[in-house]
Amino acid sequence: MSFFIQILANSLVTGTQVLLFAVSLYLIRAVSKTEHVALGAIATFIAYMFYVMFLSTGSFIVSSLFALFWAIVFGYTSFALLEKFYKNNDVLLGLLASLSFGIFLESLIGIIFETDAKSIIDGVLPVIDFGLFKLTTPGVITIGFGILLTLIVSFVVLKTPYGRVLRSINENNALVSSLGVNSAFVRSFVYCLGCILTGFVGVMIGLNSALTPYMGFQLVITGFIALFVGGVNDIRGVVVATFLLSLIPEFLINYSPSSLEFSASHKMFFVFIIAFILVMYRPNGLFSKSIRKS
Amino acid sequence: MRKYLVLALSSLVVMGCGSSMVEGDGVLKVGVIAPLSGNAAQYGEETQRILAATLADINANGGYKGSDVELIFEDGKCSGSDAVTAFQKLVDIDGVDAIIPFCSSESLAIAPLTESVQMLAVSATSSNPEIEGASPYLFSFSYSDAVIGESMSKELSKFDKVAIISEQNDYSIGLKNTVEETLGEKVVVSETFEATNTDFRNSIEKLANSGADAIFLNPFPGPNATNLAKQMSEDLSKFEGVQFVSQIAYLPADSREGISELTEGMIIVDSPVLESEEATVFSNNVKTNFGEVSALDGYYTLALSDALTNLVNAANKTSDNSIAMQEYLVSSPLVGWLAEGSSFGDKNFVPGIEAAVFKITDGEAIIQK
Amino acid sequence: MKKEKVLSVENLHVQLGQRMINEDISLDIYQGEIVGIIGPNGCGKTTFFNAISGFAPIDTGSVLINDIEVNNLSPNKRAELGLNRSFQNVGVFKQLTLEENLMMAIENSEKLPWNWMLKSKLRSYVDEKINEALDDVGLKGHKKSLAGVLSGGQLRLLEMQKLKLAGGDLLLIDEPTAGVSPVLRNELANQIKGLSKDHGRTIVIIEHDLKFLFSLVDRVIVLVDGKKYIEGSPKEVQNDKRLKEVYFG
Amino acid sequence: MGYYFSVLIKIFISFIQSVGAHLSLSQAGIFFLAIPVSYSFMAYSLAILQKKFGFGVVLAFGTGLFLTFLLGLVLSYLYIRVSRESFTVLTAASIVGFEAFLKSFSDLTGGVLGISGIMRPGFMKSLFAIMVVSGVVMLSMMLFEYLIFKAPLGRQIRGMKESETLLESLSVSSSKVAVILISLATVLSGFAGGLEILRIQFLDPTFGGFPNLILVASIAILAQKPRVRTLFLSTLFVVLLPEILRFFNFHPSQMGHMRMLVYSGMLVVLIRNLSGKFKTNSRIV
């Protein structure tokens, strides 16, 4: 029993990390039609910035502010980089540009910090005992903040006028602008938001395990998959899909008969299988509705 | 579009210039193929530091027949196809006289080429048993995984239930395979994680839940090893009365910093570290003057140094000609920290390296009888 | 003694989501006539077209083209049966040149071999047809430029030429005058008349510009809330009081 | 000479592999990302058939190619069966999924230890021979793509990117076009993988994967125009640029990263310049 709970708890931590990536990808895609895959590298870079500041000052607040600053910088950089493709409706080029930008950042990190894994906190992490399971402090923060942030974002998207603007921009940019909304500003804002959410994940990973220049990649891929499986226009679907994709494999790995010898290295294989099944079963996203096309 | 054309042409020109170098010019050039980008880049960086340190010593002592030895690096990314292109660039453009490949994948990929162009390749780190007999021009100063694997199995066979956690790299997997083959049913759980993974908590949970009385920690040395141990130490109560067994990963003293509680009493199976003064001095010299070495600390630092030293030695004894050097290596006794006295003969792995068993007592790795 | 049916629709029901868009529509279209469909916005005119041409799912009822039931045929299969349509948002490829757009139409109607472009005879033949068509609407100058650069009206004219070349004896034309200047409207009307008179096509038109429509068609059908409301000759419909109600309440 | 031969072979093979991507991804706008999967799928079939089932090289190559073709049919079926976006994600996921499969099911694939000593056919023993063969294949591919662009299929492909509805209304089945394209892309990519593995004779899970996707996608997307020439030029650019960078003497410990930095940097700049170049800013009607 406690084994089950413990696995669940651990998987929730990693799941939440993916979740924030999926949500950021969703937001950015919603306003700019771009899959901003560079988010992985951006998050990593932000985490390294936090790491540097923490080494020199040792203060969480200062480091967090510094990281926040960089998140905003990257938000605007992304905007400056990708806006043109949005304007020209060059989806593919935008994707490729984002991809290259990600590689660019990763190499930059490699040059500045070199590639060996960096732990922000040296030594063994303190764990909080919840009785049935134990979690590290960063783990708890990840789950807590992660879920909270997701709830806030989902609320804003689904229930507020901002959310309606956000959803309509993708539908018809010209129309929204004609309603007096500065859609360019909305986009730049969403880019920043995305960078902040993922940056938070990056820092948390640095605190919870370790930083490597390439750590963002698998997160962004899984987030990307969750985004599409959940349904690109449906944030609830994205959230559910994320947890399905990050929890089910863990249990397959830990509860399959040992004769099958499934282990952590099989994870992405199972992610694919599950994505496959979900897509076959719900081709247009988990909670898809059919809409009138003219 | 013109842009492309200009670039394409200019590139060809550049290559043309490159190829104007000639071989056998009394200068000894050694090419190094190591991962300098991608996930394994750290090993490349550390390789570069260790070799730089060795090179400094060599050139200080006269280099190759009085002239300085040159090192030329290429990025092999631990991937076969990149290694092959790198190999050809080093041979055709830079006109190197010998090559030091890093990953087993790089060594195995260039093996056929070394034979066809008769280019000597000496690795210090490739431990994939496949290398035995791959090419008469390919040697490794690492021990074959089989060597450590056997004694490791012997140690583990003392227990009834064994759990294994391995990193997904050729060194660890090679070791894991040998152990699993010999132990068979005794292995209750064999967990494998990707080299890029940094959160091992679920795997750790699985180990703790397996009810094994011995756990074989089998990551690659360096950050992953430290991380794994750190995350296991978060709740050691799960591992009451479990015997930890491991390989080179936790042998260097500073790899055990902060996790002494876990490593205390750990059994480590690995080739004997040199107790010699000079060896320690050399290793420390690398770290202090050339940069951090964590993944390749200990045995591999010395093995890499040996690889280069022996190449230069062979060249000094004969000439900077691959074939001559190869003939020297197979026929004559080797020099260096680890290989001193032994000789390759008809083997591709440096012979005579057998495993020793250590036990961590009071933070010190003590050799067992 | 009527001419044979080209299109016949029997109690067609189309439902999208919860909403019934077309409800129990039945009508027959006969060889060579021009039929206009009018009605207030959202009365399901375009959906009706989509249902016939296979872009909207049919709930119940049946659609027959040349007496062949097509309910379960994919759009391209229906097109092969001679159904051809234009679109509300102009049906030409804006990223292809005018020439290429017409080529595709010809390839479709004449079933040219895949390698026709390598045969000078066929090439000159196609080239001739294209020049002729473009000349007809004064677009020859733009032959090699992308369709995207044309104005709304020019695009419509190009589309008409495309429909002419694409063959098929039944044409569904959706709001041809949308975004077309009054000057070009007459030109457009002539084109459509031409399609019917000179090429013997049977034509169904959706149109908001009643004046334009009435001058063009032999028969008018009024849809309201997805149901067939009035049917008759332009005269009858024009004088029908109910029409006023429909439009001016 | 070996180096120049390898570079040329790399260009030839990359071109062969990119033809499929150029048609599907760049021209028809199908987000078909499984190209590296078929690339390594073919390589592994070839190696496994050779090593584990004792097939002769040529037979193994043929069988492997056939299996790859079947894979292509499966993928095309997916395309018809699921929504466009689901297709994108499945093909993307298949890359990571397949790599995990190769690494983990090591009894069949040799796992991270890889498969070494893959045989070459008698007529392709030397690097030069491989270059000639792949060169010939590339030339025929050039002709092939040229013909496609001339043929109706070429226009249908380009039309598809803009509006499948419009295509259908011209009695062209867009699914048929898609099936042709996807199977074609899969087979060509597989063929390239086969040639490449004959060149390096050693196979491990790093073969293919995302680096390969980035390579091919860059080539295909940079070659926006429906012209064979543009595809060839962008192949030259994307393959040669990293090779040129080999000749700049960066400090060894940074060499790899520096090259990636410059490469990706130039790519970003180039892409930004390309954006909107070959499109008409068509009026809003």
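In this document, chain identifiers A, B, C and D correspond to the written order of the chains, with residue numbering beginning at 1 in each.
Everything that follows uses one rule, which is that a contact is a pair of C-beta atoms (placed from the backbone, for glycine too) under 8 Å apart; a residue touches a chain by one contact, two chains touch by 3 or more.
None of the values given here were measured: they were computed from a predicted structure.
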#### Entry: Where subunit A and subunit C overlap in contact partners, by chain label
D
#### Entry: Chain occupying the most central position, where position means C-alpha average
D
## Note on the structure
So the chain most remote from subunit A by C-alpha centre is C
### Query
Looking at C-D and B-D, which one has the bigger number of contacting C-beta pairs?
B-D
### Query
Taking each chain's centre as the mean of its CA atoms, how far is subunit C from subunit D in angstrom?
42
### Distance from the mean Cα position of subunit C to that of subunit B, given in whole angstrom
73
### Task
Express in whole angstrom the distance between the two chain centres, defined as the mean CA positions of subunit B and subunit D.
33
### Query
In whole angstrom, what separates the CA-based centres of subunit A and subunit B?
35
### Task
Could you tell me which residues belong to subunit C and also touch two or more other chains?
55
### Query
Which residue numbers or ranges of subunit B touch two or more of the other chains?
37-38, 41, 45, 168, 192, 194
### Shared-contact residues (touching 2 or more other chains) in subunit D
103-104, 253-254, 256-257, 260, 279
### Task
Could you pull out which subunit D residues touch subunit A in their complex?
25-26, 29, 81-83, 85-86, 88-90, 92-94, 96-101, 103-104, 210, 214, 217-218, 221, 253-254, 256-258, 260-261, 263-265, 267-268, 271-272, 274-276, 279, 284
### Task
Note which residues of subunit D are touching subunit C in the complex, please.
147, 150-153, 155-156, 158-159, 161-163, 165-174, 279-283, 285
### Summary
subunit D contacts subunit B in the complex at 1-7, 10, 103-104, 106, 111-114, 116-117, 196, 199-204, 206-207, 229-230, 233-234, 236-237, 240-241, 243-244, 246-247, 252-257, 259-260, 270
#### Entry: Residue ranges of subunit A touching subunit B (in the complex, touch as defined)
3, 6-7, 10-11, 13-14, 107, 110, 114-119, 122-125, 127, 134, 136, 205, 208-210, 212-215, 217-218, 250, 253-254, 258, 261, 263-265, 267
### Touching residues on subunit C, where the partner in the complex is subunit D
53-55, 74-77, 79-80, 84-85, 87, 89-96, 100, 103-105, 107-108, 112, 114-115, 117-118, 146-152, 155, 166, 178-179
